[in-house]
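The same chain A turns up in both complexes below, where it pairs with chain B and then with chain C.
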Partner chain A sequence: MSRPGRDDAPDRLYTLTQGRSRSGPDNPFDLVTLVVAECDPVPGMQSEHAAILRLTGRPAAVVEIAAELELPVSITRILLSDLLAAGRVSARHPRKAAVPDPDILEQVLVGLRNL
Partner chain B sequence: MTSPLLPGDRPTPRSLLPVPLLTAVLAAVAVTAVVLLGPESARGPLAAAGVTAALLLCAAVTVAAHAVLSARAARGRLEAVTQDVGRLLQERTRLAEDLAAERDRRTEQHDAATARLARELAEERARLTDDHAAELKRLTEEHAARTDRLTQEHTEEQARLSGERDRLAQDRDRLVAEGARLAARLREANNARAAALSATANAAGRMQALSTGMLADLRAMEDKHHDEEVLADLLHLDHRTAQAGRLADSVAVLTGARSGRRWARPIGMESILRGAMGRINGYQRVRAHSTSDIAVAGHAAEGVMHALAELLDNAANFSPPTAEVHVYVEEVPAGVIVSVEDSGLVMGEAQLRRAERAVSGESTGLGGLTGTRLGLTVVGRLARRYGLRISYRPSARGGTGVLMLVPQDILVSPDAPRPPAADATTTTAAPPVTAAPPVTATPAFPTATPAPSTSPADEIPAATASEPSALRLPRRRGTLPADEPARPTDGVEPETRHAASYDTAPAERGATPSATSRPAPAPGHSYAASRAGADDLDPDPVPTHESPARGTDASLLSLPRRRRGRTLAEAERTRSAGRTAVQRPAPTAEETKARTARFSSFRQAVRATTPDDTTAEAAADAGTTAGTSGTTPDQTSEPRTTEPRTTPMTPEGDTTS
Partner chain C sequence: MDSATSEPRTTSAPRTTSETRTPLDASADNGLKIVIVGGFGAGKTTMVRSVSEIRPLNTEETMTRAGEAVDDVSGVRGKTATTVAFDFGRITLDSHNVLYLFGAPGQERFWFLWDRLFSGTLGAVVLVDTRRIDDSWYAIDRLEKHGTPFIVACNDFGGPAFTPEQIREALDLDPHVPLVTCDARSRESSKLVLITLVEHIRALYADLSRAPRQELV
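Coming up: the complex of A and B.
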């Protein structure tokens, strides 16, 4: 579902999540959690759920999904936890090695400042 | 012989017979004697003569006898007749006597009767005359009495009626005065009602604009703040604002003002349901079951959402706080049926009838409204406007079920050509939307209102006059392509995308009253004033910039075009910035003069329509927003050819960005 404008759809965010605004404490999703769809969208599904399932045909990070849906990350996490509870998606945390070395980060920072 | 003889009178031959026989005998003797006595010689002749004479004698005697007998018979008859005559004469005499006696008797009787009758007549006449006199006298007396009485009564009645007439005349004067007073009061009341309605509609429009702007703000903040606590609070505020917006929409509908915002594209049924749910308090109890991907046309989507929100609110309010309200969507040949089923109170017969009447939209009056029961009347109005049909029935869930039929003519099939089809052409027609530097550099909310008086006319050509789509039907200006390169920085991006996505349907906007009643603001009014004035009439949170690169001098004779949500002066300003950016050649003096004259006449014509309230309102709005628009007055004198700046953070511009 494309959201070309800031407020280009009449449905408010709280109606997407049935009023929930925070995910549970055991929510496994953070910004970089990779999400993979476990099934295809079915008719009657909430359109955001269907969009998430279409997006995560290939693994996608939570923040990517949120950007594509143009929804706040918190809302996206609630939607994802719904899907996870229904078994429609699975979450996979990136490996620890993927976290860059602090030296590299520092070099990047220096490089950015030099721009 | 001539007299008539009776048969008895004629002598019979038998009575005549002896006479001739006797005669014959005598004659025979005489003849015989003579013959015998006479000479012998003379005997022969003598005998012959004697025989002849004898025969003659016999015949004469017979005749004589016959005559004698006849005379005797005639005499006898004569005597009989004479006797008859005598008898008859006697009879006649007797009869004459009788007649005379009778006549005398009758005459006496007649005289007696005549005398008696005359006497009786005289008596009768005397009696009747007496009676008549008495009656006449009595009647005369009665008449006199009656006439006196009637005269008296008449006089009394006349006096009474005269008094009555005076009283009625007084009443009439009083009633005429009362009628005049009531007419004046009615006129005043009507005026007051119209003014109140108008003011309420205006206020509702402002409330709608405010709530729409607040919703856009909240949506922006929800994107901005990632803290879950803040998000929860923002969502709470969002919910409250949506409900306030629904109330403002209701007031606007009831006062006959424009309803809500108009969506530029069809709204899918899921979004319709969620948009309706988001406007009621108990939305968490609403369960939507929709597999339909049909959409409602943009112009009617807000009305359908609003009506559905009111129905959902009723269902949620009149069912137990823990019960769920289920919404089903079903496509039928006539359109789409949205059914709202609750498990709450079953409506009684009278309630059901009242509700049916309210939602039928037949009674358009505002009478009978109560402050807390606006919903069904609003639904009725909306149903009348958009052709919705709403009916009630008992729900299988134990409560009340409402069926809302959305007619086919405001539905858009999902496989119909969608506006994105126009995106490509529009994007190619106006490629420099993001590529040209002036786009991101153009002041999104220029705060100066220079109102040029020397050469405004060369800005009249519509900014989009060079577009091939300028003469086409209104359509969606198009979203940016997904692969749009080098998206601008975060501060500018949503606005340019707004410009691309919201800038739709100029003709439709032109049809609304706001387009004609909102002329260019007078010189000296700040942008804040014109902006606020525009917001009053335009609930849509529409960004106010467009690509100035479209502005060319292709058509100098076309009128200025006002985009959604902005004023004419601003359009000129933006175009002027674009014109500066593309370095158009300066017009000659004659051209400038002619254009100036044309433009000033146009402005006068526009301003003459509503000169008072627009300027007054703009001034009032300028006063109210002056406190918040701190930078506005400083920049009113800024030349419009100022250096392109990055988007300033205008004070109330947040409502749309």
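Coming up: the complex of A and C.
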């Protein structure tokens, strides 16, 4: 049977999330949602959860966490929503608007010019 | 189910240690996205690297052809799933705003991912290799249809020089879309590309806010 992507990945990934792989529309995590740990890892915690808590002592984006853990974004979102539900992380979501806030655009320009 | 026995590959990778990571300010609370689209070899990762404060990282997403995240194990095996890898970098703009730059493949077969992965992006840079202009048509068409603000940046590979008019014509580019030439290896040049994009976005939305109400995105 042909397997998608990297050969051994899928089974391991579904084990991590107890079989869930959908990070559907109800999952609040954007690629650039900044995640902050609200507690330290504790013994017995799922190793990926502990790794996320270690990565997020300071804010880190979902996509950074996925890259550091070498997990697909969708799987990372599921792990994060578990941690969020348990109150172990907090999430700073991007400010979404139909039209970008002109003040934010100005801040982006200032930041880029100062690079 | 305990997954602790399936050791993440990351434990041996030196870049995952906290010593080599560059953490954000504790006050960072607003992530922003800009996407750099281009064909294979157009210089997307090079540009991300030029301006990023971190070494570009790579991650992946697995999707079925329908554009949905895969459902369950049987779903993965039953449907054609595709894994798309993308690079990204980061620029801390100030104590609150952090800009993430994503290098994304512009080829047709990857676009089913875009709505999910890159929704809410400020805008896009279409990075063009003038030796392979055709690679950019599809990306430009999709960005126009999607209503995502974009500019076109020609990465100068030292090939035959084309006039801006020739490139505009070859790309059938709307006269309002900025067209710049850049050297993706240069931090200053890549920075100017991003500034051009954000200035374009700002002008675009300023015009729209003066115009009668219009649906965006």
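FYI, the second predicted complex is superposed on the first by the 80 of 115 C-alpha atoms of A that agree within 3 Å, B and C clash if a C-alpha of one lies under 4 Å from a C-alpha of the other, contacts with A are read in each partner's own complex, and residues count from 1 in each chain.
To be clear about the criterion, contacts are C-beta pairs under 8 Å (C-beta built on N, C-alpha and C of every residue); 3 or more make two chains touch, one makes a residue touch a chain.
Every value quoted in this text rests on a predicted model; they were computed, and no experiment measured them.
**Student:** Regarding the shared-chain residue A:Leu16, is it in contact with chain B (first), chain C (second), both, or neither?
**Tutor:** A:Leu16 contacts both chain B and chain C.
**Student:** Check whether chain B or chain C contacts more residues of chain A in the superposed model.
**Tutor:** With both complexes superposed on chain A, more residues of chain A are touched by C.
**Student:** Report for A:Ser47: first if it touches chain B alone, second if chain C alone, otherwise both or neither.
**Tutor:** both
**Student:** Can A:Asp30 be said to touch chain B (first), chain C (second), both, or neither?
**Tutor:** After superposition on chain A, A:Asp30 lies in contact with chain C alone.
**Student:** Once the structures are superposed on A, label A:Leu112 by its partner contacts, choosing first (chain B), second (chain C), both or neither.
**Tutor:** second
**Student:** For A:Leu69 in the superposed arrangement: first (chain B), second (chain C), both or neither?
**Tutor:** In the superposition, A:Leu69 contacts chain C only.
**Student:** What part of chain A is shared between its chain B contacts and its chain C contacts?
**Tutor:** Comparing the two interfaces on chain A, one with chain B and one with chain C, the shared residues are 4-6, 10-12, 14-16, 18-19, 21-23, 46-47, 70, 72-74.
**Student:** Under the touch definition given earlier, write down the residues of chain A that touch chain B in their complex.
**Tutor:** 2, 4-16, 18-19, 21-23, 43-44, 46-47, 70, 72-75
**Student:** Show which residues of chain A lie in contact with chain C when the two form their complex.
**Tutor:** Listed in rising order, the residues of chain A that touch chain C are 1, 3-6, 10-12, 14-16, 18-24, 30-34, 46-48, 51, 54-55, 57-61, 63-64, 66-74, 92, 94-96, 98-100, 102, 104-113, 115.
**Student:** Over in the complex, which chain C residues touch chain A? Could you list them?
**Tutor:** 1-4, 6-10, 13, 15-16, 18, 21, 23-26, 28-33, 51, 57-62, 68-73, 75-77, 80-83, 88, 90-94, 96-100, 102, 117-120, 122, 187, 191, 194-195, 198-199, 201-202, 205-206, 208-209, 216-217
**Student:** Where on chain B does chain A make contact in their complex?
**Tutor:** Within the complex, chain B touches chain A at residues 212, 215-216, 219-220, 222-223, 226, 228-229, 231-232, 235-236, 238-239, 242, 263, 267-268, 270-272, 274-275, 277-278, 283-284, 289-291, 301-302, 305, 479-480, 494, 497-498, 500-502, 541, 657.
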